[in-house]
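Multiple structures follow.
Okay, so subunit A shows up in both of these, paired with subunit B first and subunit C after.
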Partner chain A sequence: MTQMLTVMGARIIEILQLIGGIALFFLRTLRALVPPKYDARETWRAFYKVGVQSYTIVILTAMFTGAIMVIQAGGTIQASRATSFVGWAAGFTVLSEIGPVLIGLMFSGRVGANNTAELGTMVVTEQVDALRTLAIDPMNYLAVPRFIAMIVMLFLLVALGDLFALLGGAITSHVMLDISYSVFVSQVIDAQLLDEYILGLIKGSLFGMSIAIVSCYFGFTVRGGAPGVGRAVNNSVVASAIGILAIDLLVGIIHHAVR
Partner chain B sequence: MISFENIHKSFGSRGVLQGVSLSVPTGAIRFIIGASGAGKSVLVKHLIGLIRPDQGRISLDGEDITHLTEKGFYTVRMKCAMVFQHSTLFDSMSLIDNVKLPLRKHKNLTSSEAENEAMYRLEQVQMAKDARRYPADIGDGLRKRVAIARALTLDPKYVVFDEPTTGLDPLAAVNVDQLIRELSDEFNVTSIVVSHDLRSIFTVADQIAMLYNGQVLLDGTPDDFRQSDDSVIRQFIEGRATGPMEFPKASRG
Partner chain C sequence: MIVAKGVGKSFGGERILSGVDLTFHEGEVVGIVGPGGVGKSLLMKILCGLVEPDEGEVTVFGRSWADLSVTERAKLRERFGMLFQNYALFDFMTVGENVAFPLVQRGDMSAQDVQERVVERLTQVELSGVNHLYSRELSGGMKKRVALARATIGEAPIIIYDDPTAGLDPVTSSKIFNLISDLQRPDSLSLITSHDIERMMPVCQRYIMLYQGGVYFRGTAQEAKQSQDPVLRVFFGGDAVDVGRRTMAGAEGIS
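Now for the complex of A and B:
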């Protein structure tokens, strides 16, 4: 019993240390944003890597998400002959909830994991130390560009993904429920989902911020060579997923409270 | 002038440095030698703030730099460059971009001026023809040459070379030795060289310090080493596997 409590206590301390470390890293990143001294080339590279190389996977994820929403609701909607709600149902769930969360999770698995691996490799091969010896601050040079790029690009990717999710929903509605594209579009417009769309974009930005901080933190704190990088990537993906779901819950609660 | 005074550094329970004191006069080439794990790299990393001592004092040009902050060390690093043992070129950049990076960040140069300057530095190490290649596309020896070119871009007064000739072919190693000598003779650059390479040690060094069991075993000229009767030094110089030398347990440095 005592041993179990000791192990549990140690684990809790470890988790609290991790949360504290991530929080401090977040504050250091915010501090490094002012005054803006980050490297334009590295920032552009981060935008390219984070955004341009991710949009295909986001489009695919979004289209599948929209299609699945319609498939899930299709049976009930057809049985109750409430086909006029298809656009609303697909739009409501995709724009505010499923779209940003799934895109965020895909983004974390692709971009966040890649970022941790890249930074972790730079740490174990002393490239980060080499930057320091060149009197270049790794926070300014490496962390800040990634932080900005992930926030901006996940915002834009969610905006883009939402459109493709609706397209996926429209195609599935047309094929499965025989609802024309124009009717589906007018249903979405009539549903007045601007609030949900904006809420999804806000979530996207917050997810981007969370993924950036978590993935950079685990990358910069790698210890133990190549196995350490593997562990860090694993931990980064898990922590990012938890962060996404926690932020989703928090924003949902706040949104519900202020509505 | 660089001065290490009574430096102690431990990792866990193992005391890697246990009271190391040595100085490097301006313009001199000081070799630091010793068995693997003796703490040579650990010692030189103290100079640029990558490792902080548990005890002792480090001064550069008379200024105590022991307790500088990370930001405070940036001014030290502008005049004291380091070439790492494993080159540490940035994988995501071409060779010329690696060399251009410190120029872009610290020198107020136009893009073409930075390009020309970087190309000149690459020519110095016979790497200009490979300027557009990436670190992953070339061998260890070539990477090391580019790392030297990058370290010299800010015209440092001091350069720390961590095993600069390890992994180089004999001809390239001689070129690196000549470069270190030229830096000292023509530009009065002070070099600290961590090395096992006996040929380099006895052809380039002005002064040699041998670390053993966390302390300086002998501090002197190449001739002092050649003439030493110390059995550990004789074993090291003669490259004998057996002898009185105790090898440190596996650890950093």
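Now for the complex of A and C:
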């Protein structure tokens, strides 16, 4: 019993240390943002990589999400003959909730994991040390460009993903519920989902921020050669997922309170 | 040029180095030797200010790392050229860009001059014509030579070669040490860590041996060989295989 408590206690301390480390890293990143002296070439490279790595999976995820939402809502809606709600039902959950969360999770699995692996490899092959001997601050050179790129790109990807989610929803409605595209579109427009759309975009940016911080943190703190990189990638993806869900909950609560 | 006083460092409760006192002068080539995992790389990083020691201090050109601001540290680090044990070649840059990087970063040469220097230095390490390749396309020996070119191109007054022949075959190793010897300038300080004493012999004037957490020996290879200490004799190309060698072999690979 006491042994179990000791193990649990140690684990809790470990987790608190981790959260502290990540928070500190977040502050250091923010401090490195001003004055803006990040490397233009690295930033461009980060944007390019993040975009190329993620747009296909984001589009696919979004289309499936839209389709699934229509199928989920479809049964109830058909039974109650309220087919005019299908656009609203699909739009509402996808834009504000499922869309950003699923896109964020996919993004974390792809871009975040890749980022941790890349930075971790740079640590174990001493590239980060080499940068420092060349008087380059790894925070400015590596962390800040990735931070900016992930926030901006996840914002854009959620915006893009929303369109594809609605497309997926429209196709499914057409095929399964026999609702024409124009009706679906007008339903979505009538539903006045601008609020949800903006909420989704805000969430997307926040998810991008947390994925950037978490994945950079785990990358920079890699120890123990190549096996260490593998472990870090694993931990990074898990921590990012928890971060995404926590932010989603937090934003949901705040949004609810404000309304 | 570099003075270390009472330097100590632990990781997670494990004491790696303690009470290390060292002085290095201009024009010297010093071999830092010792079994794998003893802390040679760590000591090099402490000397060039990449790692802060827990105890003691390191002064370079009379200035202590501990007293310097972030910008001053960055400035002082420019006086070092560094070859890292794990190559540390930037994998997002070509060979040419890697070698040019210290000069580009310093920003006091025209792009054309930089290019000329890069070509010249790559030719010196017998790697002309690979400028456009990425480090993943190179063999281990080639990577070390690229790293050698990058470490020396800035003609820094202090150059640290951390295990320049780790994992290389004997022929390539000898070649690397010859190159280091060729690139040595009379007014610079070079520190070379290795456990390949036999091949570093022609290059180094004196040695520091780290063993069991501190400086175990300092002096010339001649002195080490004539010593009665079995560990020293074994390590410096001594005669018999004894306990010392076995413990060292056991520690190899931890690096």
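As a working rule, the second predicted complex is superposed on the first by the 258 of 259 C-alpha atoms of A that agree within 3 Å, B and C clash if a C-alpha of one lies under 4 Å from a C-alpha of the other, contacts with A are read in each partner's own complex, and residues count from 1 in each chain.
Following the convention adopted for this analysis, a contact is a pair of C-beta atoms (placed from the backbone, for glycine too) under 8 Å apart; a residue touches a chain by one contact, two chains touch by 3 or more.
A quick note: this is a predicted structure, and the numbers were derived from the prediction, not measured.
Partners subunit B and subunit C, brought together by superposition on subunit A, clash. In the superposition on chain A, contact of A:Arg28 is made with neither subunit B nor subunit C. Of the two partner chains placed around the shared chain by superposition, subunit B and subunit C are both touched by A:Leu134.
Once the two complexes are overlaid on the shared chain, A:Arg231 sits clear of subunit B and of subunit C alike. In the superposition on chain A, contact is made by A:Val124 with subunit C only, not with subunit B. Common to the subunit B and subunit C interfaces on subunit A are residues 45, 121-122, 125-127, 129-137. If you check the complex, the residues on subunit C that touch subunit A are 45, 48, 50, 70, 74-75, 77-78, 80, 82, 84-92, 101-102, 105.
Listed in rising order, the residues of subunit A touching subunit C in the complex are 45, 121-122, 124-127, 129-137. Within the complex formed with subunit A, the subunit B residues making contact are 48-50, 70-71, 73-75, 77-78, 81-82, 84, 86, 88-92, 101-102, 104-106, 150, 154. On the subunit A side of its complex with subunit B, the touching residues are 39, 41, 45, 118, 121-122, 125-127, 129-137.
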